[in-house]
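Labels run A, B, C, D and E following the written order; every chain starts at residue 1.
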Amino acid sequence: MAIDERNRATAARRPEDSGRRAAALPRVAVSVEGRSTVDRRRSGAVSRRRRLAHIGLGALLPIAILALWQAASTFGWIPAYRLPTPESLVVAAIDLGERGLLGLYIAISTQRVLIGFAIGAIIGLVLGAIVGLSRLADGALAPTIGALRAVPSLAWAPLLLLYLGFGEDSKVVLIAIGAAFPVYTTVAGALRHVDRQLVELGRAYGYTGVSLLTTVQLPAIVPAVVSGLRLALAQAWLFLVAAELVGSSMGLGFLLIESQNNGRIDRLFLAIVLLAILGKTTDALVGLLEKRLLKRWG
Amino acid sequence: MAIDERNRATAARRPEDSGRRAAALPRVAVSVEGRSTVDRRRSGAVSRRRRLAHIGLGALLPIAILALWQAASTFGWIPAYRLPTPESLVVAAIDLGERGLLGLYIAISTQRVLIGFAIGAIIGLVLGAIVGLSRLADGALAPTIGALRAVPSLAWAPLLLLYLGFGEDSKVVLIAIGAAFPVYTTVAGALRHVDRQLVELGRAYGYTGVSLLTTVQLPAIVPAVVSGLRLALAQAWLFLVAAELVGSSMGLGFLLIESQNNGRIDRLFLAIVLLAILGKTTDALVGLLEKRLLKRWG
Amino acid sequence: MTFTAPSTLATSPALPVRLSGVGRSFTDDAGSGERPVLRDVDLDIAAGEIVALIGASGCGKSTLLRQISGLDAPTTGSVTIGGEAVTPADQRCAVAFQEPRLLPWRSISRNVELGIPRSLDRAAGRERVAELLELVQLTDAAALRPRQISGGMAQRVSLARALARGPGVLLLDEPFGALDALTRLTMQDLLVDIHAVEPATIVLVTHDVDEALTLADRVVLLGRDADDAPGASIRRIVDVPGTRPRDRADAELAELRAELLDALGVDSHHGH
Amino acid sequence: MTFTAPSTLATSPALPVRLSGVGRSFTDDAGSGERPVLRDVDLDIAAGEIVALIGASGCGKSTLLRQISGLDAPTTGSVTIGGEAVTPADQRCAVAFQEPRLLPWRSISRNVELGIPRSLDRAAGRERVAELLELVQLTDAAALRPRQISGGMAQRVSLARALARGPGVLLLDEPFGALDALTRLTMQDLLVDIHAVEPATIVLVTHDVDEALTLADRVVLLGRDADDAPGASIRRIVDVPGTRPRDRADAELAELRAELLDALGVDSHHGH
Amino acid sequence: GEGSASAPEPTESAAAGEWSSDRLSLDFATYNPLSLIIRDQGWLEAELGDDVEVVWTQSLGSNRANEGLRAGELDLGSTAGSAALLARANGSPIHTVAVYTQPEWAAIVAPEGSDITEVADLRGKTVAVTVGTDPYFFLLQALEEAGVDANEVNIQNLQHADGAAALANGTVDAWSGLDPIMASAEETGATLVYRNIDFNSYGVLNATEEFIEQSPDLLQLVVDAYERARQWALDNPDETAEILAEVGAIDIEIARTVLLERTVIDLDPVPGDVQLDVLTTIGPIQVANGDIASQDAVDAALAELFVPDYAAAADPGRFE
């Protein structure tokens, strides 16, 4: 039940059609739900209280920013055509929701990011492992990868368009490219510096190649891998905008660019806020993964 | 003798003006020169030969790509309006050079990237250290930073324009924002997992706070810091395009966007190739730094 | 190679240490389970005294040292140094950990430098480092990195680092465990010499009963009670007669040795 | 607690080891300088023999073990096991390193599991791990992580891991260094028992001359020549009379002991 | 400038699934109101039924439409006339097959209370504009007409929306703006100091060479639909404004201003001399600033750009 903009482009803006599409949403939400369940299972009342305090602490800064924002518009420090009021964002969100677009945009962007991220992370991990472990591969591949890493997303987009067309493929591939580099860089960098004594131990006990990698080296660089995944996910969201710039008529990146073109700053800010919230939410998934990894490997 | 597009925007396209501006170039080139000198000093003939072999190895893949590209255009596998020939890039480069723009674009983009990178890396390091070491700061700041990390460069641009105008400031700040996140993420992530025994040792011998950080924790995470810097530099180049999208009439990002809009794909590819080469060159500077750091701290 | 007090160093005066009712439990990762390691440890150590701590592997000797150094806090009871409660990572102590814990990115001499009190000026600090490296016979290795030296060399670096502090309380966790017979004797002599010139209160963990008897004023035996209550406590304290340097072949010591080995569970005839 | 050969394990047969003209130098970081550590080491070890290696701290004992295990290659000379040249990280050997080298992210039992030959099926592997943990008295700690156990416990885990291999050649670098007197004796007995049931060629580095004499068939003394030529070589080989288990109080052994301590530079009267 | 492609064969009304392709890929854009109407009314889908899949893609600007055409992803794309010339001159194999509107989408805008009242006042002032787009060409033509040298004006390259922000900000003195942002800016007090519909380069519908060769039947159908949409827009101005407001997510009032006051819909769809005039003026500017490699390329492109036959043969009646 993957969402594909292509088949639905024509119908996208017909509100009466939104019910069916909204059905695609729960899939995306599942993992967010899943978190609290896992946490709850293994925590007593005390640690739950502490976790709530922790979350409360994290909410302070966003609340402060929101308050400042509200004040700025209420007291007219900044005119509304430059900075929309928080209410106008809510209004814009409701409006988009009623058109059946809000959920759809969120769902399709999230889907693109998650799939692209997954593919990119795996590629980055494999490339990082190869370059980090083999001097030969390091010499042969690292310079080229280092050069490609600096090619901006906006430059990739037309190339991918040429060879993959307008469909989901080109968007997912672009996001995967963005996600691969951080994982590649952190993994390759960290692998070069795994404790030599432990690697020697692994070799002494008959581990080589892939088995050495999975037994000793990867567990030893879990923190680096997690940082890489964090950055990869963030980068995936960044590349989403470039991906939705061309041949797209839905998604949050599309909303961002279109609103920018039309001067709809309320929608523009809405898009930014949504991207930030979704970025943070998916980041929390990596945090969850980190906890599990550290429980096993930390 | 920093370059500032602001005062020169009107004149930018006057070829006769290029002599003066080209004078700004050597400054940027210095560090590239510096490298080989340092290397040469400390290496015997054998290790020099080995290094040359290593560089030769690294050149294989780019050469193969170039050959494939040439073949694709020579044998007409891909029409020229979709993939320009390598020669046409050279022609475009010469043309831009004659207009006095090529050197100027490269110089100003490199300057923006390096300054923005330096500022962003320091901010990322400080934030990363604070969040990585203090549970309180982690709770209070990490969620907000995680959310901001997913805000795309294209979304920052108009905001910065609003508050900083379109001088160099807004561009450098945008690049600094891009560069800060990778350093922040890798440093904060790695600091949480520094060998506890060594940290305890530091505490036992009277090191706390900043002195503990510089004596034990930072040296222990050198590989992570280097990875972070690598990614930050790459990200700086990525954000350059967004920075030059706004209020700019020079720079490689500008060239990229403008050529994309105009369909001048020879210039578009030239911009991509230049960005890749510059990205790789500046990345080599981080590699140089890495070697020095590892010599001291590895 | 006898130790002479360096004029450069303002060594702290020796301080008394008092443990009262010290207990320490660790929580199981699994959840609510508590594993008591130490319980009801009462011990008064006079300023300038040398106490040797012996006991079975895993009985809690290192844990006890960590309570004194303030690197870990007791679950129950309290520790005072010089009459004042121990602070976290108390700077009146210097610790040589059971593992060498050298910073891998620093040379040997820079690792020893870590122990130099930061009140000392740089030149004096360097001088002291060179002196200490000479004493632990590592002058040649001064420029090497930790991964380039042997286990016994690393242990001596760690010892030199702790000695560099010139602390009020010196906590040594098996400082000579990885040394060959000759080097071990030399280092023991070194410790005695230093203690004579710069008296510090020393708590020394060792597995070698002979070592305990030659170096210490009192030997403290840590271990579980016979009734197998969880958590180790002090099972016996032996006063060692005579003054340092002691003759290692003394008959009276031989008797105490047999007694202690017996208490440790070793049939003293079976032992060497 | 005597060792019985587990039916589950196909132990490799003991293999002879031959070192001829082995030398090893390290290049200085600074550049062209070479620091010779070992030179001209010739040694023939019979299959099933136990050889103890003693020598001053930093003289090259661990380095020699690394040549035999194939983890490091000699600069000159060659090493063969069972007549064939040693391969990098030779799988016919099992090593217990001088440091415990436990994987911090694995529980104690999973660390021991690392030593189980991968030809063994999982159930049999688990059984053998449990058995070995029992033998090194760590059954209670099976689920703990390395950072939760004491130094002596970690050393026993490392020993159990090496034993798990059931190798042709067993290389032990000070396996009992961090153990208290009783545990040390128990572990020595364990090694002798295992060797009796599953004979392996054992090379054992130790600082304890008594330990060398009780356990080994031959004691090899490594050290520099008097003329101070750089690099250590074999200075003496002592055949230990009698068969294991030896009486630790044997008079003939006492004589050898004095002789070896003398050779190590310790005035044997001065020694305990 | 006669087209290089062959004249269309008269298309018989498609009998059972005999279309030349099973896929028709075209764009819709807020700057092309006729495309919005066709998409909204579903005429193409109704006519083509299940035989041909109609794929609509939104273009966020002329540049994006050109990218789609170049990649072969779009069979038909809508751009400004200047952008079509640019693409053709830079090698993209496209032809202009019809003119959809003559929009007055560009003008010189000054903020409320500005002392700039005519183009000559721009001398020495800072003007925001997106280089290479219609407002840029508009600005240059306006300056030339007023006798102001381009170098006497400080031109700041800003994206359209950012230009509006900069104008409101006071960072620039004037803005060569683009609708619908320009209409929004007017709502907050900005004034249009200079308008001239003839400096705008028309909105044109372009097709790829490949599409023209392989699917003249579908091309004719689309051009016919455009003419039907033109009639519909003239008959239903309010509904047209509503569709624009809906798709562009803009205020209905702004949509009305843009569409009813500043867009000429009632015009001859056949590309010809009128458009050629504007483009002949713009071409050299594009060469001068390096967007096009040479004047030869401009001349060659202008000679081949227009394929007027389909628009000339357009029959809106088939959708009645």
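Going forward, contacts are C-beta pairs under 8 Å (C-beta built on N, C-alpha and C of every residue); 3 or more make two chains touch, one makes a residue touch a chain.
Just so it is clear, the model here is predicted, and its values are computed rather than measured.
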Under the touch criterion given at the top, what is the topological distance in steps from subunit A to subunit B?
1
What are the mutual neighbours of subunit A and subunit C in this structure?
B, D
Which chain has its C-alpha centre farthest away from the C-alpha centre of subunit D?
E
Among all other chains, pick the one whose mean CA position is farthest from the mean CA position of subunit C.
E
Distance from the mean Cα position of subunit D to that of subunit A, given in whole angstrom
51
Please compute the C-alpha centroid of subunit C, do the same for subunit D, then give the distance between them in whole Å.
27
Touching two or more other chains in subunit A are residues 82, 158, 162, 222, 257, 260, 298
For subunit C, which residues are shared contacts with two or more other chains?
99
Would you please write down the residue numbers of subunit E that are in contact with two or more other chains?
61, 67, 70-71, 159, 161, 165, 169
Under the stated contact criterion, what part of subunit D meets subunit C in this complex?
26, 29, 54-58, 61-62, 98-99, 141, 143, 145, 148-153, 156, 173-174, 177-185, 207-210, 248-249, 261, 264-266, 269-272
Okay, in this complex, where on subunit A does subunit D touch?
197-198, 200-201, 203-206, 208, 215-216, 219-220, 222, 296-298
Would you mind writing out the residues of subunit E in touch with subunit A in their complex?
30, 39, 45, 54-58, 60-61, 64, 67-68, 70-71, 73, 159-161, 164-165, 168-169, 180-181, 184-185, 188, 246-250
Of subunit D, residues touching subunit A in the complex:
69, 71, 88-89, 91, 93-95, 97, 99, 101, 103, 105, 114-115, 117-118, 161, 165
Quick check: in the complex, which residue numbers of subunit B touch subunit A?
54, 57-62, 65, 82-83, 136, 139-144, 146-155, 158, 162, 181-182, 185-186, 188-190, 192-193, 222-224, 226-228, 230-231, 233-234, 237-238, 240-242, 253, 256-257, 260, 268, 271-272, 275-280, 282-284, 298
